[in-house]
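Both of the next two complexes hold subunit A, though its partner changes from subunit B to subunit C.
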Partner chain A sequence: MSPESFHTLYKLLGSVSGFIYPNELEIRWSILIVVYPYVTGLVAGAFILASLVKVFNVKDVQPVYRLSLLTALAFLLVAPLPLQAHLGRPERAYEIFLTPNLSSAMAMFGFVYAWYLMGVLLLEMWFEYRRDLVVWSREEKFPMSWIYWILSLFSRDVSERAVKFDMKAVRTITIIGIPSAFLLHGYVGFIFGSVKANPWWSSVLMPIVFLMSAIVSGIALVIVLYMVLIPLKGGKIDMKCLDTLTSYLFYAVIVDFSLEALDFIHRLYESEESIQILGVLIADKLMISLVVIQILLGMLIPAGILVAVKSMKFDPELRKLLYFVSAILIQIGIFSTRWNVVIGGQLFSKSFRGLTTYKMEMMGVEGLLVALVFLILPFIILGVLVKIFPPWKASELGEAKTS
Partner chain B sequence: MFERIPEQIRRLAIVFVIVIGGTVVLRYFVLPPSLFETRLHRESTIQREVAKQVKFAGTTVCGGCHEDTATVKRKGFHKNLSCESCHGPAAMHTEDPMTVKPFAPRKRKFCPLCHEYDPSRPTGFPQINVTIHNPLKPCITCHNPHHPEPPTVPRECSACHAGIARTKAVSHHALIACTTCHRASRKHKVSPRRVKPTKPDTREFCGKCHREGSKRKDAPKIDLSTHGERYLCWECHYPHMPGVA
Partner chain C sequence: MYRRSFLKGLLWFISARIFSRNGVTRAIASTNPDTTATTHANGKSIIKGYDPTRHRYAMGIDVDKCIGCNRCVEACTVENDVPPEPFFTRTWVERYVIKKDKSVHVENISNGSDGPKERLEEADILRSFFVPKLCNQCENPPCVQVCPVGATFSTEDGVVLIDSERCIGCGYCIQACPYGARYLHPKTRTADKCTFCYHRIVKGMLPACVEVCPTGARVFGDLKNRASRLVRFERMNKIHVLKPHLNTHPKVYYADLDGEVR
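Entry: the complex of A and B
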């Protein structure tokens, strides 16, 4: 250990309470590991929203179908980056493919990720956009025409039969995609849930709680993006679509909240030996991030707003504002959920007799700035994707305008 | 037959064949086998490690020349500590003892790396509070690092048991001296782990203040014959912070 890091850690000693083991002073899974489940959650949530249209035939949310796919892709491309930065040595990352370790859940990440990216998301997008790519490759000027032509894999067939096959393929892939999305984010929950030495994480409910919160955050994100992008593109927000989206968001919040409450009550009733330190953890360290931000700001208030909007007849402008506010609040709440799981789980000692403190770096590889970059990067990628693969046709924007 | 497969599938199949074929070619023909073979992997790791320059000489080699110091150190508390833990890697010194001299830590900041008070260190491990323990004086002025023993016996128990002292200071037992309940021989202060202080071993000991009818007015009273029965008081009540069971 270098003298500098010794001194940094030494300062932390002052904020340690009770008894902790020497190797518990420093928190190893930093804010980057908070960003990772948050970002993958958004991917899974956005994809599941997209599948509502194709598998469950919810026609009302058709306007956000393509946007959801693009959002899922933009965030999926960024999802492994926090892990790469955290682990270091990104040039050796390919080794998890070369030397697969079937008995390690963490080592299987590469395969789960590759399957979801290559086997599901890119395939579905290709079939969904193929017809348009062919059309655009004819309409656009060089070099975009060439890019579209290459992306369509030099396809020229836009016959009714071919388009029908595309639609069938999209539906099939979506059906495979739902369990895949569950696998992707359930997997992240599994990683935490299977750490049996840590009572804050070890719970069979963890994968399913992660999944539900993923759906919540994904839908909330697509709502925010839809409400921002449509006016920017000069279109008009489809209120029917927005109402349906927020209804689904509300149901997802309720299920998510119930599951988390169930988990909490279950722990409380079981009252295992760890319950005392978990109580102190919540009261001392997670009061703001868990009780205030996650539960109050991130769940109860937005759920309350949504109930109010659904039960009273507000005019569309006020409805839009309230939806937007609750979607943002939910987003903050879900980020806080990830924080409470990842950081909270490392704040108490395995001796159950003491607590440590997380001192976040600012500039380092594991610091706040890098985390912010990983949170902003998907939006930049999404901007480019929206430019190349417009999620709405001019006619759709126009129709909305006139209606 | 080929014509009946939809065009899209054919195109995608080509892409997948290229991706999978490319991976196979890369895996079996381009990348060196040492990347996959764990045996080769380990061999090359060993070669890499063996090629590294040896930096540590080992305590036995040090004792060969510095016999006097080694004899003194063998009897002291630092007997299990390697010479190079403090003096740094000394292989070069053993090869050329006159020109290469090993590092000798003389500054005050060095010893607290192990001996600064830290709640996670084991009980009885000699620990000090650097700010108030003879400020500014290098440790080696009073302590011989090869045979470390306190030059003067610690006056207060809190010199080592700082955590307990701080807890007790804010408890109902704040005004009771440690020696009221514990008897610590002088040897405990020199060899804290070999000679332990005593603990109260009867219920009547606490009963002196806490039994019904005791003269001590401000202490909570219990009936010794019915309360707790076969347990010693401190098996349930933490005497350094009574009230917390």
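Entry: the complex of A and C
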């Protein structure tokens, strides 16, 4: 630990209110652990959106199918990095695979992650892109032709039968993928929800709240990406797709909000031993991040905007603007949700008699800068993925242009 | 040929890691304050003839006897290489003051890690007492349950220990402990907490905090030994444990504990 960290902790001693156990001064799970469930949520949400097309045959959102898969992959590749960076002994991370403690929820991370990456996402993408990879390996020049050929795992068969098999495989994988995506993020919620020592976390609803907020954030992200990437690629935004996407986004927001409201009312009504300190926590420490950003800006305002757009006949340009603003607000709101869970849960003492303060580092390993890198990195990876695996065919962009 | 020997080595490495989970040798090695190769060797010689299955260690705290002198905290710090900073500790003493208006004021008098102190008028005070705190060495420890790599484990003689050479420093155990007994050691970057001075007790010595307590407020003993002071302590007092509703089954027993203590 650096002398600066000690200095910060000494300074924090003065800002403790009430009584805390001595070891509780330091917030052990920092901004990086806020980034982790946020990023994983985006993965699960984007994948579930993609599965709408394949499993539930929602044809309207077909234009974002491949984009959703690429987004899920880009964020999934980054998901373990904040965890790794956060460890006290990152060089020993492999122990989690070698000697996993089967009673630990966290020990399952490696296996859930590996299954989701290898067993679901990469496999689905391969079948989805296989035909195109073969075609591109023929059309493109060296070295891309070779890259596509290798990525297609040297397959050459683009016969109708083969392509039909690909589509069947994609559908099967997606059906397995939905519970896997639920597992991936529900499991993250379980890591928090199963900590009985912490009344802010300990809730049976936690995995399901995490999951719903994941779906919300995933759909919102894909909307933003679609609205930014399509004009950049010279295409025209498919309004039918956007309208359907935002409808799903709205439903997800309503379910998410209802679940969180249920959790809140349940706690308030049961009024257990911890209720007083949790009240103080919200009033003193989380007023801005919970009430203003998460609930008002991240939920009520965008939900209101979406209701207005759906019930009134705005012209497409205004609709696009309002959709975009809602999606961005929701994104900020969900990040704030993660913050309130992770940081909020460590701000109060388990003696229920006092509060500590979180002072975010700027430059350190667990600082803001590193967190920003982990938040920006998936977009860079996505940029590369979109370049290598174009989510839209030229004809699709062209069709949209003429429609 | 090289590949074969590499694979063979890898297989040995993995199986050795998987099967070297518990055991007293690991326990001694993981609790000795200076874990060097020699102390590992010493650890083996210490445990010669020691049978952990014949012991069940626990601690009693006689709340009324604690005078808040903090010698226990000092002894622990010296014995176990606890960082000097006030926000990392293996044991501490809380002072409770319950005022006549029933408001409760709690203060950590060991290392001043809570906020600014308030001066209380004597006339307003209803009752006041000290409560030493430490790891509760739970029978059903949430820290052991959540540790992803099995670095935190329960020994056969009833102590919860951390293998600092396996701990990855994820902090899940710190979050799971309801008693705030754990911290991440700033030097080793691994979790740390009270071990009942395991390196001492297997030699038949007392934990450092118990040995220095001038009033006998801390009572250490072996539940499997009927002649133990702790067994007598349990017999002679009304016993309570901290946060019993969490079903952790602590093995730190408090006599005359006030209902305000959490």
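Operating definition for what follows: the second predicted complex is superposed on the first by the 393 of 403 C-alpha atoms of A that agree within 3 Å, B and C clash if a C-alpha of one lies under 4 Å from a C-alpha of the other, contacts with A are read in each partner's own complex, and residues count from 1 in each chain.
FYI, a contact is a pair of C-beta atoms (placed from the backbone, for glycine too) under 8 Å apart; a residue touches a chain by one contact, two chains touch by 3 or more.
Fair warning: this is a prediction, and the values are worked out from it, not measured in the lab.
Look at subunit A after the overlay: subunit B and subunit C clash there.
Contact with neither subunit B nor subunit C is seen for A:360 once the two complexes are overlaid on the shared chain. In the superposed pair of complexes, A:106 makes contact with subunit C only, with no contact to subunit B.
In the superposed model, A:13 lies in contact with both subunit B and subunit C. In the superposition on chain A, A:155 contacts subunit B only, with no contact to subunit C. The larger set of touched subunit A residues comes from C, when the choice is between subunit B and subunit C.
Touch criterion met: A:195 reaches subunit C, while subunit B stays clear of it.
Contacts of A:98 after superposition on the shared chain: both subunit B and subunit C are touched.
Of the two partner chains, neither subunit B nor subunit C is touched by A:322. By the touch criterion stated above, A:350 is placed in contact with subunit C alone, subunit B being left untouched. In the superposition on chain A, contact is made by A:21 with both subunit B and subunit C. Shared contact residues of subunit A with subunit B and subunit C: 6, 13, 16, 18-22, 25, 95, 98-99, 354. Put simply, subunit A touches subunit B in their complex at residues 6, 13, 16, 18-22, 25, 95, 98-99, 118, 123, 126-127, 130, 153-155, 157, 162, 165-166, 169, 354. The touching residues of subunit C, when paired with subunit A in their complex, are 14, 17-18, 21, 85-89, 92, 94, 104-108, 110-116, 133, 142, 144-151, 166-172, 174-184, 186-191, 246, 262.
For subunit A in complex with subunit C, the touching residues are 1, 5-6, 9-10, 13-26, 28-29, 83, 86-90, 92-93, 95-96, 98-101, 103-107, 109, 191, 195-198, 345-346, 349-354. Residues 6-8, 11-12, 14-15, 19, 27, 31, 35-36, 38, 113, 118-121 of subunit B are the ones touching subunit A in the complex.
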